């Protein structure tokens, strides 16, 4: 099995190389590129599936593979090794499975692009990096993947690089991610300093004996990495811009896989986080705020991909709420369901965009359900799932999260001392409230996007058409999963994961046993919220279409505020980028050129030269003045000499 | 006359007879002879040098203790003779370009001043020193003014003469005071009777330092140097910068070491002040020069300052360093003056056509001149692996060993300043592109200057890498001096 | 450490051969006719290639796992002053030798863009190679100084003759700036030699003898300052860096490549080879200063690089930032930092060297280095864009490229030395991405100006050959750095242990009682790790 | 020291006068004469010291000095003549083209 494990990431890597080599060749080869890449992804999926079977066969087993010793500076050593356990299995299946579907979809979506071999090479490279991220046996291999996915994200966002805007968006994504990565690095350093290792196995053994303050600090630092990668406040700004990339990229990287890396990392480091209650509170707060803020922005977006992007940020916020409540398996559950419905939504949106000749503005859509029935149905299902419509997968995962947040104080006594109190409301209840409100908004804006896109009259110019089968088949598969996964496999999945986690606080389940009634009440309540949101959405964008307009008119300030995304980009621009750039220019022009180079370096040169000019004056050319100067100097020298060295006469 | 007297007299007689022979031949128009006249000068120098060879392994005095027959004399005599020979070679067919009428008189004067220089260096009696000193000086006054119809030349000669006579009077007065304080004119006698330094002695030493300081152009006795170097015909400037300076340094060092060595504590502070002043002021003023000759003059002032550092560490280290430094200094300075000479002569140019711009593009149009000048400049600046670097290394070692680390630091900082103007010459020769000159330097170098430049350049390089033997000889030379 | 320097001549002359092969090449070139460019290039290629092969042989014969000097050569040079000609190679220098010979070979191979005076250009390069190789293997202070300064002259000519518009200013500045430091170092070298005479009765400039010297605190600080100044200017450490942008911008491509690729390394190398073992007390006392300046350099270089409009200047300032990392790693005085620092030297040589090659490719074609004159090149020259991307990423320090491992180790070491310093230095990682990617974006992405750059051509076969080995090295070191680290490790460990050992006992006590020296226990920052692990 | 001191003071006085003359003189001929004065002042010192020490060195020195002085004057006058040919003046203040 060890070799199989090594092969899993190797497949997409080879695929990437092959497709890249093809890129220089002619059109016939270009057509092959997509299939080669898809084959690599599918191959990887099949291998993963086998591994998963093998893993499941033996209870409590893990599969490890050691490739080579990456580098060692004794006593510190980093192995390039892989670890396949239940958590990794879940993630790998999602990555390769959903990844394969998206590859397939992309064959259709990118069929007209002259540079698609490059595209598929990047896409495969992304799979490779993502697999490294989830399969790594230590934090550093994870970091390799972590940075690797960042790179691929950069390359793919800027794939259509002729438009400088896309390239800027890619760069923004990379740099903002790097801010997070810097935190990640520091977290790793702290861990190395405390435990001497970065291996997960070693870390979980050592962490209980480490100074709790350091644990908290390391946890926060690693979380900063997660904030960057998973687009949380305050580093979420890159994700909406990242929609500049081709839609399959948005589906694969910015919805299903890469952005959940932060969540995965926290799950992987759960031992660390379970010893860091304060850090968990921070995670909870950040997750909640992100979920809420992103949802408010999503409500007013008109670009279909932007809506989905903000919804992704918002959903990621939910995942971090779960993580912040130490309910690691719940978070992962939401990762999985989110991968299904959000990938489906993105690809549905992509299908619409493809069908409408690269139009993304929802105001130019309308009534498409007739023209693109398959896309419509899948989009509808996924919308229901994300909105938390009863018994869809999203309903189960989101509900589980809200429930754990609701219960966290009680179930995790270790966290009590850090629970902040807002007035009389404990932190977790406050977060729960915000979470419910966000759920309402989610249902509303997703319905809004559905209504604006598929209902009403067509408002565009081009003749829309349904997408080809390569694109719709993945849509259907994902829609089916989005609809049924939670209902069919939800329980089993949770148990599977909980069986894996050793220090999982098992919040939900523990509570479930004791507060069955409360649980069911809350369940009903959230069903109601979801349906309410959907109903409002439907009403606003069909019968009572005046309401949104009236709202916009009356609350112009608020609308502006939301349309401009809480002015966050502008805020960063004004507070961070511009001062920094001004400061750099100051450093260059004033410090470097003027102070160091001008005054100190050239200045000292000029000083010496000026000295030369002054001394030259003595050289007047007059013989008598020479004689005079010589004589006076001699006189002075002897005088000085006699004064300082008195001798007997 | 004992054997030692004969050995001591042989080279001097050889030289004198050579000079006389040349004088006689000139009467019979030696231009008709198979060799160009200048090569006779080289021949005389060579023969004399050959006769100096026995000095290498000797350590005695001749003529009742008036003249030293030792390695030190040998070393400086060879430098003086070599410098003179190179001066002859460089002047080959280039004198007219410097508005000097070629005549045997010039050769005679060069040889006479070389003779005077050797006497100075060998002297162990103050009167012999004075005679050598004056023989050298008077000849050089005339050489400076040898471009008779050039204003600069006569002006330079006048300045040199007046100031030179003025300073040699001080030297003489210093001698009288030293004589008065010790009752002897022999160096050994002075050393023997020096006892506790008296005021009279100290003033005497001070005045003698003035006299020599003038000759080796130490600040503040340097004022004549730039004017005279610039005014004199270039071949004579080179001669002055090398032969005169080497002779003066040799004599100066012998006097200070074997005469006043035991009271060095009382004059070393003065020497230190002069050394620091010389290097600093020399380098700083050199920065602002546009005439290459004038720049080289200031550079020679600075180098005199460096060499003076060796006086501070009179023991083996310092002395040997001074000897070695004068050797490499001679090589690189002669090369530099040689290039200037070739470039500025042989043309219808102005007499003092030696602005730095006149070298523009020289490195590409005349590779040999370019390389010679570059090596000379870098070596003067003390860049390894050239002789100038090794010379500085020995000097710094001596200074540090004697506890004058701060002076070594000052010297190092001065080297940085000097880099600027030395490198500017390289810049002009190589980096500024080629310029169409209003006048053309000679396309084909005649044999003499070519040979001289090749010898000097390889010598500079060689000294940088294989200095050890020469330094050891210098050590022996100085050791013999200290025992005297 | 002392025993490491008890050398015996190995009888090999392979190091001398390596060092002087290029010099012979230069002399041979000098004898060739002036205008036969292809002949000149073949001859230069032959000698540079031979030197490269010799260095590879050296690598093959190099014994791994020992900190001892290998292939030692020993000869008296100036016996009267105790100057010896001692060469030797250890883990610290072996890779730098390979880097030197490789980059020199590539630069000579890529010299087709030199339109005038090719023969002299190649001669300068070969002379420069001798200087660099000699500096890396010389173990005698004076010999080292000779080679160290020998590099200045050809580099000065490379900038001054084949440089850009302000070449004269840049060349002079380069020369005088670096000479200022090294001349003061010369005084210190002389002082050390004489101190050996005072303390042990024999003049010596041999490094192995110098490590036995003991100084008073003030004396040691002053001497160290002289060495540190010379090497800091070379590195160049902030705020002594201002010669670098000028020199880089004005130098021809080959000059920039060598300057960034090898010359700057001599600063770090000199600190580790000379300053650390001779002045262990001073380096420990002044380590905070170096850490602060290193970190300042990282951030400062990155910020200033960000606002540049000239590609070469940007890369030059990026060097300031990268070398700041090296200084940080070195001054952290622990194994991770040191290893990272030495590895990062090689990495920087590869990636920045390649970046300068890339700038050269553009400059040869369009004769401008302004970022604004380019844009959208990916459409016209995809191969160029790809290669550029790889080296950009390497410079940014992306994992699995060479830049990462070194940077990681340095940051880890720096963090262990002082978490705050480590944390500030990590911002260099972010800023590095910022300036490099924004350079890449502005040059490669965006709309393509057909009118201005329509005649651009992609990499030609010769250029591809130049980049190929560098590309291989980028990934080789990135994926499997162990062969590199293995060879470096014993040497850095020996230096570090020696420093710690010396500092564990008060210097004055050591001077009086040599027996104490052997009984001291090595103790230092890196032992913290071991304690935790156990 | 006794008697010799007076001669030495006289010599010093004469020497100083000579120096003063060189310093203030403009005419090269006058300067030449002042230099001669300086040399002769030294001669007095040599004479006196020679008598004082009862050795011949000082006496002999005087002869050398006198002959050297004569040679110096001869050359000096020649130089003054070339100067006059070029500058039509024998004032030192007129020959100031070389400077800086």
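Each chain gets a letter, A, B, C and D, in the order it is written, and its residues are counted from 1.
The rule is short, and it goes like this: a residue touches a chain if its C-beta (ideal position, glycine included) is under 8 Å from a C-beta of that chain, and two chains touch if they have at least 3 such contacts.
All values reported here derive from a predicted model rather than from experimental measurement.
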| item | value |
| --- | --- |
| Chain pair showing more contacts of the two, A-D and B-C | B-C |
| Most central chain, Cα average position | C |
| Chain A and chain D: spacing of chain centres that average the CA atoms, whole Å | 96 |
| Distance between chain centroids, defined by C-alpha means - chain B, chain C (Å) | 42 |
| Approximate Å spacing (C-alpha centroids) for the pair chain A, chain B | 77 |
| Chain C-chain D separation of Cα centroids, rounded to whole Å | 64 |
| For chain A, residues that touch 2 or more chains besides their own | 605, 616, 619, 621, 623, 627 |
| Multi-chain contact residues (two or more partners), chain D | 19, 22, 92, 95-100 |
| Overlap residues in chain B, where contacts from two or more other chains coincide | 158-159, 162, 166, 170, 226-227, 420 |
| Inter-chain touch pairs (all) | A-B, A-C, A-D, B-C, B-D |
| Interfacial residue positions of chain D with respect to chain B in the complex | 4, 8, 11, 15, 18-19, 22, 28, 31-32, 35, 38-39, 41-42, 45-46, 49, 52-53, 55, 57-58, 60-61, 64-65, 68, 71-72, 75-76, 78-80, 82-83, 85-87, 92, 95-100 |
| In the complex with chain C, residue positions of chain B that touch it | 364, 378, 382-385, 389-390, 392-394, 396-397, 400-401, 405, 408-409, 412-413, 415-416, 419-420, 423-424, 426-427, 430-432, 467-468, 471-472, 475 |
| List of chain D residues in touch with chain A within their complex | 19, 22-26, 92-93, 95-100 |
| Interfacial residue positions of chain B with respect to chain A in the complex | 158-159, 162-163, 166-167, 170, 196-200, 202-203, 206-207, 210, 214, 220-221, 223-224, 226-227, 266, 269-270, 273-274, 281, 284-288, 417, 420 |
| Chain A partner contacts - residues on chain C that touch it in the complex | 173, 176-177, 239, 242-243, 300, 303-304, 306-308, 335-336, 339-340, 376, 378-379, 382, 393, 398-400, 404-405, 408-409, 411-412, 415-416, 419, 422-423, 426-427, 429-430, 433-434, 437-438, 441, 444-448, 480-482, 485, 489, 528-530, 532-533 |
